[in-house]
Amino acid sequence: MELRAGWPSWKDRVFGLLHPDDDDTAAKLLNSFLATLIVANVAAAVMSTVESVQARYVGTFGVFERVSLMVFAVEYAARVWTADVHRGHLQPWAARLRYVVSPLALIDLVALLPLLFGLLSAGDLVALRALRLLRILSLLRLGRYSKTLQLFGRVLRGRAEELFVTVTLVLVLMLSAATLMYLAEREAQPQVYASIPQTMWWAIVTLTTVGYGDMFPQTILGKILGGTIALFGVGLVALPAGLLASGFAEEMGRMREERESEELGLLAQEKAATATWSYCPHCGEKLPAPPSAP
Amino acid sequence: MELRAGWPSWKDRVFGLLHPDDDDTAAKLLNSFLATLIVANVAAAVMSTVESVQARYVGTFGVFERVSLMVFAVEYAARVWTADVHRGHLQPWAARLRYVVSPLALIDLVALLPLLFGLLSAGDLVALRALRLLRILSLLRLGRYSKTLQLFGRVLRGRAEELFVTVTLVLVLMLSAATLMYLAEREAQPQVYASIPQTMWWAIVTLTTVGYGDMFPQTILGKILGGTIALFGVGLVALPAGLLASGFAEEMGRMREERESEELGLLAQEKAATATWSYCPHCGEKLPAPPSAP
Amino acid sequence: MELRAGWPSWKDRVFGLLHPDDDDTAAKLLNSFLATLIVANVAAAVMSTVESVQARYVGTFGVFERVSLMVFAVEYAARVWTADVHRGHLQPWAARLRYVVSPLALIDLVALLPLLFGLLSAGDLVALRALRLLRILSLLRLGRYSKTLQLFGRVLRGRAEELFVTVTLVLVLMLSAATLMYLAEREAQPQVYASIPQTMWWAIVTLTTVGYGDMFPQTILGKILGGTIALFGVGLVALPAGLLASGFAEEMGRMREERESEELGLLAQEKAATATWSYCPHCGEKLPAPPSAP
Amino acid sequence: MELRAGWPSWKDRVFGLLHPDDDDTAAKLLNSFLATLIVANVAAAVMSTVESVQARYVGTFGVFERVSLMVFAVEYAARVWTADVHRGHLQPWAARLRYVVSPLALIDLVALLPLLFGLLSAGDLVALRALRLLRILSLLRLGRYSKTLQLFGRVLRGRAEELFVTVTLVLVLMLSAATLMYLAEREAQPQVYASIPQTMWWAIVTLTTVGYGDMFPQTILGKILGGTIALFGVGLVALPAGLLASGFAEEMGRMREERESEELGLLAQEKAATATWSYCPHCGEKLPAPPSAP
């Protein structure tokens, strides 16, 4: 990160530590440490639901959780404090507010709740302790993977229309399948195919091809219907996933090409000349473009 | 929608309400209301099959269904009445007939049947009441999603030949698999693998990878056969879905490119110069091209 | 089909009937009739395995099968007789032999076996009667679908190397998975995971995602192993199918482009100038190119 | 392979035998023999876990295994001895060391362990005898398939970033799904949904669509959760496999194009002029480029 003259160097140093460059060893080490701590924390939260493990290590888990929550609280405060460094076009309070309401920051905040309310020491509220598991999402922000994650979001937005239509089609298909199956099987298996919502479970389990085997047609009509629905529905249900995958692959290809062009110095100049905004390399936010060098 | 001078303005106004433009707030509100009513109606139809819910809200469901059926009847009448607005090249009665026999209009009509025959009040004919569920398909007509739906139809037509061949191959494969499996297992499990049609159920459930577990080979020969069939068949059965997905993705890409070209004004002129027909933006029907401006 | 002067017109007429052109109504009718007869025959063969149906219609089935076998025998003879019409570069007997050993003709011959040996009347040799089911493959030869089928064969050949490698990888993966699972589970479930070949059934059922539920790991180690294998193996096992689908889509696109170019008359001339052989439009065989017109 | 003058011809001859050219019949025969021996060996190892087979052929298996292990030991020694033939830029010992630590050579060595330690004769250590199964991986080195295998590795490396992100996303999704499901079902099925790690088994089996049926939600909340997770999760879990498949297809296309260009002699000259290194056709290692011909 280029330091802008005139900013207090302490804040810039902290910001630099949290957003590692390619040649900042200290920042890289800090990020690796935080990543390891997150993974260890999630692993501890997961293992503490195993009774035999929990009975044995309850004290160790408690200490480890409290210590790491402190670390995460400090990290959160540092991120809020330095949130205005790369948002020079905003007032500091506005820059911080924008950071606080960004999705990943909200997840961080929720994952800190157990600390704020002392829930960890209080007792056995499993559901609330599960909040800590959210922390694993923070992993996605660390290092260079945030770029690919932004790309993923871009694909979701870019294909929003197709995804909406195909998902609607899938839901309509599932509802129709469940209705037909309910009509065909409710007399032979009145306990299992008891209503359309209950038959929806069959439709989802069948059309995603999971097929647990807890519900399947037993009449001839039901089998003919179910077979036809499975044969033609399975492809349709896989359509949104296929669209997403092809969109992702396409966008990755475009990104790779752009990177290659940039390396050749062709695109960079063009872009600089025409862009009025750019994506922040640190948070993926749209920022006004800096005045191009003369 | 551009109003054509000379048409009665009331009909045009109704037509405009039913086919919302980008800047017609009233039409947008009406469409949102109709969409919400459809979803609520389908939800009520689905929930009324749950016995405990039905027992409690039978009165509410009855009133709601009758009221919304009235609204849908009025909507249907209005659509038929204004069906000639954008089909200026046809006689009014021909334009209306063409609308009435279009797939979505037929679905609307069928979904109105319960009203016409008073079936709702009459009794417990579940199958006939299920007709109301068809209404959810109307959702697909509303707003801008009709365009993507037309695209879907175009892909289906454009790949018809490949789809036919691969679906035939899949059916042939399934029939062969069922025959071989029937021969291999009918002695070990005479009740389960009782005939080729019954073994078809195994073939479908296996080759779509649903795998309920109600039928599986138990002899060594049957397992070798079944394993080989699964290994090689699963890919072939997924082929039509893959073709559909790739066709869809390709067509979407072409549509996006065209839209971009159109925005640049390149394609629009070319098209206007050569086209002798165009797709109606409201219903996707082929219409004769309007005389191009001099 | 262009008739070549000098050939006996009877043979050419029969050949034309069996290989319908776009404007030969009689040939089209004959082909539709044969297709219907094949489908009806296969349906009868399938339904005759259902005991209740067989008991009732055993006489009807017998007559229908004998009559249609006669028709198919006549068709087979006609195809062999006229096999030299479009293979002018070969001796008649060589042309006929080449036809007789082509895959679809061999299938036809096998499907005629029940007639030759009188097996149908003889008795209950189910396995031999199942041969008639092979006839459904003949459907693929009729009409214009043979072209797409040839395309399918071309894709298989064109991707042979990748398919071989990925299929080998899949088999290696399955063998490794079965070995590891056998080692992990054979003590907990000695009856089920009794040997590596028996555990292969688990590997196939899991990695194709069929998942019947007749075999699954029950130890902790087995579940960790099985979960890891499923997570990473499922994608690899789907690879050959994905390659096939993408190859098919690509080849179809190329074919469509070529057809468009041909319609513009661009490619046709080029081709005619350089080609020394061409694919016969009737059987997909490589034939020496006819001398191009001056 | 072009022999470089100055090298002892015996070593070159052995090297040539192990790395068959297109026109070296002896080398091809040797490779076919080795491939057959590997397959036979693996088949014997697999079949020896079937009790009835093992009881009957224990002597035959023992002799066959010892003999073929000798052959493989000689092959391994020959490969190490000739490892410096195509690594002319390295000291002989460095070339041999590099070969010994390459993945396939390590696998060969591990597969030879049973010979070195006499384990085969010693007893019933099934796990150690399973090492022989590793030998099947050697198949991938033989002949021309090594090229496609290298391609596979290149795709894995080229898409490493996307794969890492999507795999992380999948793991995060699975962990979240398991946590939610554990909270929803642990009271209704305390034995089955006993902890988050145990619920992970459900998440993997569901999201890979295997669906054994040993674990599935039974409460209404659990079914709603499970259905939603299945509907949206299945597509995400299939994403890495889709990326891999599209990457593989793309890379194959590029390879095919390059080969075609090379055949036209266009690319070859360009390459020779600029390349400072090349991939060894025998082992896929990067080697310094030979001085281009004047």
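For clarity, chains are labelled A, B, C and D in written order, and residue numbers in each chain start from 1.
The rule is simple: a contact is a pair of C-beta atoms (placed from the backbone, for glycine too) under 8 Å apart; a residue touches a chain by one contact, two chains touch by 3 or more.
The structure displayed is predicted, hence computed values, not measured ones.
Shared contact partners of subunit B and subunit D comprise A, C. Farthest chain from subunit A, judged by C-alpha centroids: C. Between the two copies, subunit A and subunit B, the C-alpha superposition involves a rotation of 90 degrees in steps of 5. Two copies of one sequence, subunit C and subunit D, touch each other mainly through non-matching residues, since under half of the numbers at the interface are common to both. In terms of C-beta pairs in contact, A-D outnumbers the other of A-C and A-D. Each chain gets a centre from the mean of its Cα atoms; for subunit A and subunit D, those two points are 32 Å apart. Chain geometry summary: the mean Cα position of subunit A and that of subunit C are 45 Å apart. Multi-chain contact residues, meaning those touching two or more other chains, occur in subunit B at positions 209-213, 238, 242, 246.
Residues of subunit B touching subunit A in their complex: 42, 45-47, 49-51, 126-127, 130, 133, 136-137, 139-140, 144-145, 148-149, 152, 170, 200-201, 204-205, 208-214, 238, 240-242, 244-246, 248-249, 252-253.
Only residues 161-162, 164-165, 168-169, 172, 175-176, 179, 182-183, 194-198, 206, 209-213, 216, 223, 227, 230-231, 234-236, 238-239, 242-243, 246-247, 250 of subunit B touch subunit C when the two sit together in their complex. Residues of subunit A touching subunit C in their complex: 209-213.
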